[in-house]
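So that you can tell them apart, the chains are marked A, B and C in the order they are listed, and the count of residues begins at 1 in each.
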Amino acid sequence: MSARPGVRRTAHRGLLVRTGVVALVGLLTISPLYWMVAVAFSTRSELLGGRELRLWPREVTLENVERVFASFPVAAWFGNSVAISLVVMILSVTTSLLAGYAFSQLRFPGSTALFFVALATLVLPVQVIMVALFRIVTDMGLYGTYWAVILPTAASAFGLFLARQFMTGIPRELIEAARLDGAGHLTTFLRIVLPLSKPLIAVLAFMSLLSSWNDFAWPLIALKENRLFTLPIGLLYLQGQSGSDYGATMAFALINIVPIAVVFLLFQRYFIAGFARSGIK
Amino acid sequence: MSFPSFSRRSFLIGTGVVAVPVVLAGCGFTQQSSPEGRQGTLTFTTWGTDAELAGFRSAIAAFEAANEGSTIELNAVPYEQMFTNIDAQLQAGNPPDVFRVPYYTFGAYAGREQLLDLGPLLSAEREEQFTPQAWAAVQSAGSTYGLPHHTDTSAILINRDLFAAAGITEIPETIEDAWTWEELAEIGDRLKAGLPSGTSPWAYNWQGNGVTRWLSLLFQSDGAFLDTDQVTPLIDSDAGREAVEFAASFFSQGYVPANNTIASASYASESWFSQSVAMVWSGAFQIPDAESTASFDWTATCAPRNVRGGGDFGGNALVATAQTQQPELAAAFLEFVTDADPMRDFCRGASLLPTRADLLNDDLEFDVRSELAPIFAAQAGVVQPQDVAQVASPSMSAIIPVLKEQLDLAFAGSQDAATTVANLQSGIAAATGA
Amino acid sequence: MRSPTPRRPGRRREALAAYGFIAPNYALLLVFVLVPLVGALVVSLQRTDGFGAGEFAGLENYARLGSDTLFWRALGNTVLFTLIVTPVSMLFGLVAATLLNTALPARPLFRSLLILPMAVSGVATALIGVLVFDQNSGVLNKLLGTFGLPAITWQSDAGPAFLSIVLVTVWWRTGFNMLIYLAGLQGIGPDLHEAARLDGAGTLQRFRHVTVPLLGPTTFFLTVLNVIYSFQVFDIVFVLTGGGPAGATSVLVTYAYETGFVTRDQGYAAAIGMILFLFALVFAAAQWRASRTKDVAE
């Protein structure tokens, strides 16, 4: 047992070191984002000139942001992104909760095989199935509507994975008690399991929102016209045939990131609590 | 630890915040009535800079005014994935009626019967109105499958200030005075000696699909990469080796920055704007940008010549899809847009070169730095039809990756010109199925 | 937890209910993932450019893969990429989570900073990467210049190009790993640490013998996800290096994409996709089987 003052000094030094390390890591992490913001508000000539490193722009300008808003229907695209992401979120959360419950608490033949199939779909990148999927979407008459993006995006096993992981942690006794009281499976799910799963719902909601908000490869193909496009597609417009307009590109990236970052920061305590509670152990 | 709960007020606020954008949205939850097949309506998909799109819009407005009851719906999409989308749409059976396509991609669609044969639909005199090289660019299997809308070819943009710093003041002003390859190498050496450190003599614009601009060097040596059958490779020749050696020397002699490779993520023009290089190969479309952004005194001169002058035939054609339900209307629209006045206005505003013989002359004007137009016009004039016809091959899309791979290896110094050219020969043969 | 009682009559009802519960999710998966997957499999057995019907070619595309150096390089790069990025980003995530699990000033601020990269899309991340890593005018080389260090050829040399992709991906993925580890750490009771400390274990020893083993399930979960993601990497490579220089950073998905949409050899591209799928599947299945035994750890 060491002397008291010694312990406190060591603890104090430890705190300094830890804070220093975290601060350094935080700085490293945030600097690319800082750079994005700096470029978004720099003039074109500033971006092209100079071999020395300038830590902030000589002249802060809104011209890139103005150019972006003038050249593209940003408000409409923003609306499209919101509409699509919200519906994907609702669909994805609902289907994942239902399926996760089944896999974690119910017994049924073929459950292992079916779970394996779901796992298989997770490893498949969209580029491999793009053309075949497009044909299906067209045959179903979805092409040219939001549903061409919403349905394939909501078709994911990631939420199922997460939900199952969480729901395995729900005490069996609670469920058994409800069943003994005569509750049907659906009632048990709605009355007992769902209220206990609020953290999980928060996590599922956020993850599906995030992935659908940033998705661009599939929406570009599936949304026929300019007026239906989502925000991330806009970034591609700025990668022209002839070279990049970095100022406008970063301004646009900023417009794309800010909403989701705001949602993220405002609601992060729900997500953190959610991740902690999701029993991902 | 209780789960943080929502207050009713924040819920209502949240709903409000969400509802506004949804109302702004283009309401894409239901099918809007589809324009395809509607009598008198064409869908036209294209990418473009602001100037190009403006040019298209005014041409469309004029066409609609002159043709009562017709509507052209312009759909502007990003260039990067445009052709992935067109492919998917063609395969699923609902492509646009009309779209814009680079000449080096034209063959991929024409050769696979995806385009409307315009031969029977065009007026008889249409062919003579275009330059021979432009006409050659839209031919496939003996018929015409598109109309050449504009072209662009690479000349050289020069940073006069940097040239003066290296003591070079004489810059060729006509195509006849253009540097030979030896003279260009001399200029390169003088620049290397006289430029500030960290600056290179030039950058070449062969990034990405721009690899076709290397072909300019091949043509300048009077070489070819395909025979007139568009299948037999011809690149394994002295001209081929010479063109590869010369291009590779840009790297081994330090004439270009080390990252001026084909696979580079940054375009050559960027290093010119940032004054890392004294000159850059570039098309005329760069002129408006250069004028507004370059903080130095600059001008243009013609590309070098070896055995002859030669250049790539860049630019885009307008085509109609074979599946269109309005073939006559599509053909009429294409003819209208390539008439003299619409083409002149488009090219002047977008700083591109026309494909009509009556426009590609000394009267050519640009909105910006019009005194440089004759340089680019002259450069376009030395492009030979037989050079262009090779690019129109249906296998061009498959040939481009072969070029990219082998040339990058040659530039990295990993293989010599003879091996590169031999690999190109077999790679091109594999691509065309020779 | 097998029930010793004989077959319950409610079993069938339970099974039916279960099928009903999974039906919505699986209906979506069936129509929008599994059916196209079968479609891609069929195309991989054809010689086609996508337009019009292809001709049946059996296993010809797969046979071609064997001698295709570009394919093997893409495969090698993908494996190397996965082998580096997965442990590195997970380690960084673990360290960050451990630090954030202790008392620190402004902890929520730091936490927000470290997970913010997650909110950025892959394309935007890669574009920021272009700004930072451009070897002529990028931020990083300018920074090296101010310290008198030589500029690194991030685009024209294979090693640095590969490193640039790794660095960008680690920057992007660490936040997610940290988040999951943080949750896992908070699930480890403080009494276990107390007991270990009383036994005289130092910080590092406690970390090695208490924390890491109890994080086993979390680690397996993250390993599966990170490997899956690494095999599928596309946006970052496509935008940042385009697979260059000379294919040094080409990965399976970029190669498949170029083959399918640039060269338009759709049958071959589908075959590449199938191989990718198989590899990732085998790995994920193996990991899953291994982790199932750890699933029941408390």
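Going forward, a contact is a pair of C-beta atoms (placed from the backbone, for glycine too) under 8 Å apart; a residue touches a chain by one contact, two chains touch by 3 or more.
These figures come from a predicted structure and were not determined experimentally.
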* Asked: Which pair, B-C or A-C, has more C-beta contacts?
  -> A-C
* **Chain separated most widely from subunit C, comparing mean CA positions** => B
* Provide the C-alpha centroid distance between subunit B and subunit C, rounded to the nearest whole angstrom. => 36
* Return the distance between the CA-based centres of subunit A and subunit C, expressed in whole Å. => 15
* Among the residues of subunit C, which are close enough to touch at least two other chains? -> 50, 130, 137
* By residue number and range, which residues of subunit A touch two or more other chains? -> 48, 51, 131, 135, 217, 236, 244, 277
* Structure fact -> The positions of subunit B in contact with two or more other chains are 84, 87, 91, 270, 274
* **Touch list for subunit B against partner subunit A, complex** => 1, 3-4, 18, 21-26, 28-32, 34, 47, 49-50, 75-81, 84-85, 87-88, 91-94, 198, 267, 269-270, 273-275, 283, 285-286, 292-293, 295
* Asked: If you look only at subunit B, which of its residues touch subunit C in the complex?
  -> 83-84, 87, 90-91, 108, 112-114, 208, 257-259, 261-266, 270-271, 274, 276, 397-398, 400-401, 405, 408-409, 412, 414, 431
* Structure fact -> Per the touch rule, the subunit C residues reaching subunit B in their complex are 49-52, 70, 130, 134-137, 153-156, 239-247, 258, 261-265
* To do: Please give the residue numbers of subunit A that touch subunit B in the complex, ascending.
  => 44-45, 48-51, 71, 75-76, 78-83, 86, 130-131, 134-135, 138-139, 141, 143-147, 198-199, 217, 220-221, 223-228, 233, 236-237, 239-244, 269-270, 273, 277
* In their complex, what parts of subunit C are in touch with subunit A? -> 1, 11, 13-15, 17-19, 21-22, 24-26, 28-29, 31-37, 39-40, 43, 50, 96, 99-100, 102-105, 109-124, 127-132, 137, 139, 142-143, 145-146, 171, 174-175, 179-180, 182-184, 186-187, 214-215, 217-218, 221, 228, 231-232, 234-235, 253, 256-257, 260, 266, 270, 273-274, 276-277, 280-281, 284-285, 288, 295, 297-298
